[in-house]
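Scrolling down, you'll hit the structures one after another.
Shared between the two complexes below is subunit A, which has subunit B as its partner in the first and subunit C in the second.
Take a look at the complex of A and B:
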């Protein structure tokens, strides 16, 4: 997978200034606040961040499925240059299944326990207008493709008869039935054990290449993102703080949050029994519009100016970051390979 | 494995291992069969009066004795059972139908629609339901006293409230489950989401509550009969007759004992079956 940014002209999906809010007792929570990114056809973009940073809410907002009372509170979602959000519900329904498919975190709850696997897969095909027989044939073919042996028999199985890995494979098959151009994968391997996780990721990469799929890969696992993605966007407190090609981001982080996240992964050559590092403090409560850098209170490189104004996401040299610390200051800290 | 048991088949298998539920089901089946075929086998007319045979105690000719007009009590209990069971089933069907649809719509759409629908339910909860039933019955009173249909409707109309709340709660919790999201992302619309994904998953509590609604409705109908507002010739009416002849001078115990015995046995059987179903359909009670 080649690293590098896509030119704006070939953008499959462009999100501009997306906001998602959830009403709460203390006021409206800004789960996603001014999120912008671009995704080219066939590109794999990782959306990385800790729990609660708004990754999943952003993904659901792409297809207008934020759970009420939460809502998409503005922003433009451009599919091949056309603003879907402007068309309302109809615009989003045209995206679902045909253009955008999703795979979720927990394979144990993403299949309806009261439907046989085949019925659920065939449903996805029939929603695209396939006949009963054709839908079944497609379901079997894709189940075979995602590596479920004896697909004809597994179509008649109930979800609870499948293992976690098999279910996630079935979910991938279901997502691909609609021949989407973009696959949104929301922590698809988080609930799986490490071995299964590696297999599912390998399968995902294979399918992505074979079909030229664009993938928005949401994860909190930096190592997984590094292995799979062309570009990685790091989210903190509802917005992107740094975006770069995977190689550049991991070898030379230019935002203190990215830097701190990377420092939290245990080094391969570190001493045994060494304490794992963590980032001091807690993410902010996102009740009001940011007036300063949201990471400043936890940032080891914070300076007085950081508490006074919110830095913009600035692009430079094919990557962007939301920080005023000089690049040289971050770069001189030992880069990790 | 591929032809393995689905969730419903497994629930049925669990039910089969529950002696209480089995006994309840067997007793219920026996009573239902007796009421369905008994009068026909017996060859006694439950309405034929025989002045010479008034207040006969149970005997070989009349197993349950006779009433004040000489009518055979066994025939009357069996025919009355048909009415009571039919009222229970029909009113429950009405309540399940209305309650499920109402609750599902409230839960699925949420927001203002949910608020409005649920405030209506709250309001109806506040109105004493016996008062509602009597009101509905009185609307029909001129045209159809003793007819079953108004009773079905009246009882169904007061029983759906709890069902609506149960279904709404289920739908609310299921709505955000990932398989529902997955179906939505695949392009499924509201009707498909509701019928194929939400309702089958909510069916367990609905079935259990329906099973427990049947005895409640039968009891309610008996109470209406007691007030003279029920269906003609039901267990409730027979019990009322039995009570009316209780006096310190002569005891016509059979007139009270047999109808109440059948009524109580049926209610007991339904409650046992309902409890068994609740255990069987609860996925957490997997043995």
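Take a look at the complex of A and C:
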């Protein structure tokens, strides 16, 4: 729960060298390229990065939902030590929706618009073997639990009658019906108003504390990840470039990309500068294996060696990073927030 | 004449009073009023459904107001006929959130930027190419981009093109509707910096609509907070962020995520969608953590509270 030093034995999920590719006109895009991480029971891991970094593709690959012509191009996905990727679709079906649940950014696309909310929830409960009446009771209980007041009435509502926040809560309730051990949440609060987002984040934290739910939280919003996650992995061009406990990452980023991302975000408190720092240029779209640091062309700390070979993701002191710049060179980030 | 010009400098560029907008029988804007000075940036903040985009659209002439007044440099916009709008269009431009849907995909970048020059005949045809080049340079785009199509550009480049086009007519006021919310944080910073330097170079006024409070803080001189179509607080940016007076403003600030490990944003009172706007008394009271009996009886007026601040609350500054 605390730092990034979970022993292998306690890993609920371990991803090794995962790759996802999408065919394109110029060749196959390496959306995710050699991604590895571990997630312990009851741990909240943030996967953060800008659009196109591969975070969503990675999440989909974890549950075998990459839409063709995209494909998982390799890697091991160990669930309690067993490689489900090796078992193919059957391995994932046994986990998905039961031990692993998912919520996505736009709940309208995941809810069936022609079924009342209650029917969808009850159906999810019946899939877990609950009887009709028990399923309904369970659905009502979970709606209350996720903060939808007047649950009995809301069960009769159609998805379009709910507000964005209520739909996201309904999705969360549906995801939790199966008592999953892992929740994969891809930008679940991005479309919501901040007050609603605050509620959903608090709820996730509660579920993690009370039920030992592990969460893989995918977001572009560093501040949201800081608040919720135990550990955070920063992705760039399909790979993790830095991973650390949230406490370490946000007080002292050790990769220049993390450092720059933090400096780009306009602060809510503290002194306000006339100009924000920005990162010039655009991330690369990799069609072949990286031969150099993928961030080097945009990196203010790049040196000749950075263009000559790709640094490894090296672990040191319970955190890891893919960078050869001396740690001391990365300034102590100013306390923010 | 000299006196008229002097008067012009002190009078607001935009003066809005009791502006109302209705969608059929539903009132979206319940009488909103504020001033925007020349060269000033006023941000409108509030949740979805607060009326901030409605207000922007009404001021840009895209929606009819059902009552009240909005004067742009003395010219009344409410009820203004298309002929009256024509000379104002070039002085007041609107920039949308998603540049990919606001740029015509069938036109090259150069044509998109030159179009307003042709429509307003403000620059003679032979000089338009040079003017386009100048505009592209001002928004930080390479000249070669003029020959490209919108779909060949990145999101940040597209937003720069939208800005270049808006600047073509030498406007005095830009209405920016969520100008950076579809962009990644690194690109967002570039555009915010660009907006700040354009403002300095040209003395532009901005009416900025943004839900991200960090963005608002970075750019705004003053902030107006809208709730359910009502202006509930208005203050200079620094004061509003340091000591918000309306419970709704306090709730918005508490709920904004900070990049501090372990610090979850807080929901004070009921969150959006958990309780409706009240039809009687204070509209916010059903979500307000400090609502009292008086709030159900009496609609709080928007009161002056000193230091350029106003708030519509019976108990400003109290509560969590």
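The criterion applied here is as follows: the second predicted complex is superposed on the first by the 317 of 337 C-alpha atoms of A that agree within 3 Å, B and C clash if a C-alpha of one lies under 4 Å from a C-alpha of the other, contacts with A are read in each partner's own complex, and residues count from 1 in each chain.
Basically, contacts are C-beta pairs under 8 Å (C-beta built on N, C-alpha and C of every residue); 3 or more make two chains touch, one makes a residue touch a chain.
This one's a predicted model, so the numbers in the text were calculated from it and none came from an experiment.
Look at subunit A after the overlay: subunit B and subunit C fit there side by side.
Centres of mass aside, this uses C-alpha centres: at subunit A, the angle toward subunit B and subunit C in the superposed model is 80 degrees, to the nearest 10.
After overlaying the two complexes on the shared chain, residue contacts for A:291 are found with neither subunit B nor subunit C.
Residue contacts after overlaying the shared chain place A:100 against subunit B, while subunit C stays out of touching range. Of the two partner chains placed by the overlay, only subunit C lies in contact with A:276; subunit B stays clear of it. When subunit B and subunit C are set side by side, the one touching more residues of subunit A is C. By the touch criterion defined above, A:193 reaches subunit C but does not reach subunit B. When both complexes are overlaid on chain A, the residue A:165 reaches subunit C alone and has no touch with subunit B. When the two complexes are overlaid on their common chain A, residue A:156 makes contact with subunit B while staying clear of subunit C. Legend: residue contacts after superposition of the two complexes on their common chain; A:303 is shown touching neither subunit B nor subunit C.
By the touch criterion stated above, A:209 is placed in contact with neither subunit B nor subunit C. Put simply, subunit B and subunit C get as close as 11 Å, counting only Cα atoms, in the superposed view. The contact surfaces that subunit B and subunit C form on subunit A in the two complexes do not overlap at any residue. Of all the residues in subunit A, the ones that touch subunit C in their complex are 50-51, 147, 149, 163-166, 192-199, 201-202, 205, 220-224, 226-228, 245-247, 249-251, 260-262, 264-269, 272, 274-280, 282, 336-337. By the touch criterion stated above, subunit A contacts subunit B in their complex at residues 60, 63, 65, 67-69, 93, 96-98, 100-102, 104-106, 109-116, 120, 123-124, 127-128, 150, 153-154, 156-158, 160-161, 171, 174-175, 177-178.
Residues of subunit B that touch subunit A in their complex: 1-8, 110-111, 175-179, 181-189, 192, 196-197, 200-201, 203. Touching subunit A in their complex are the following residues of subunit C: 47-48, 154, 184-190, 192-193, 196, 211-215, 217-218, 238, 241, 251-267, 271-274.
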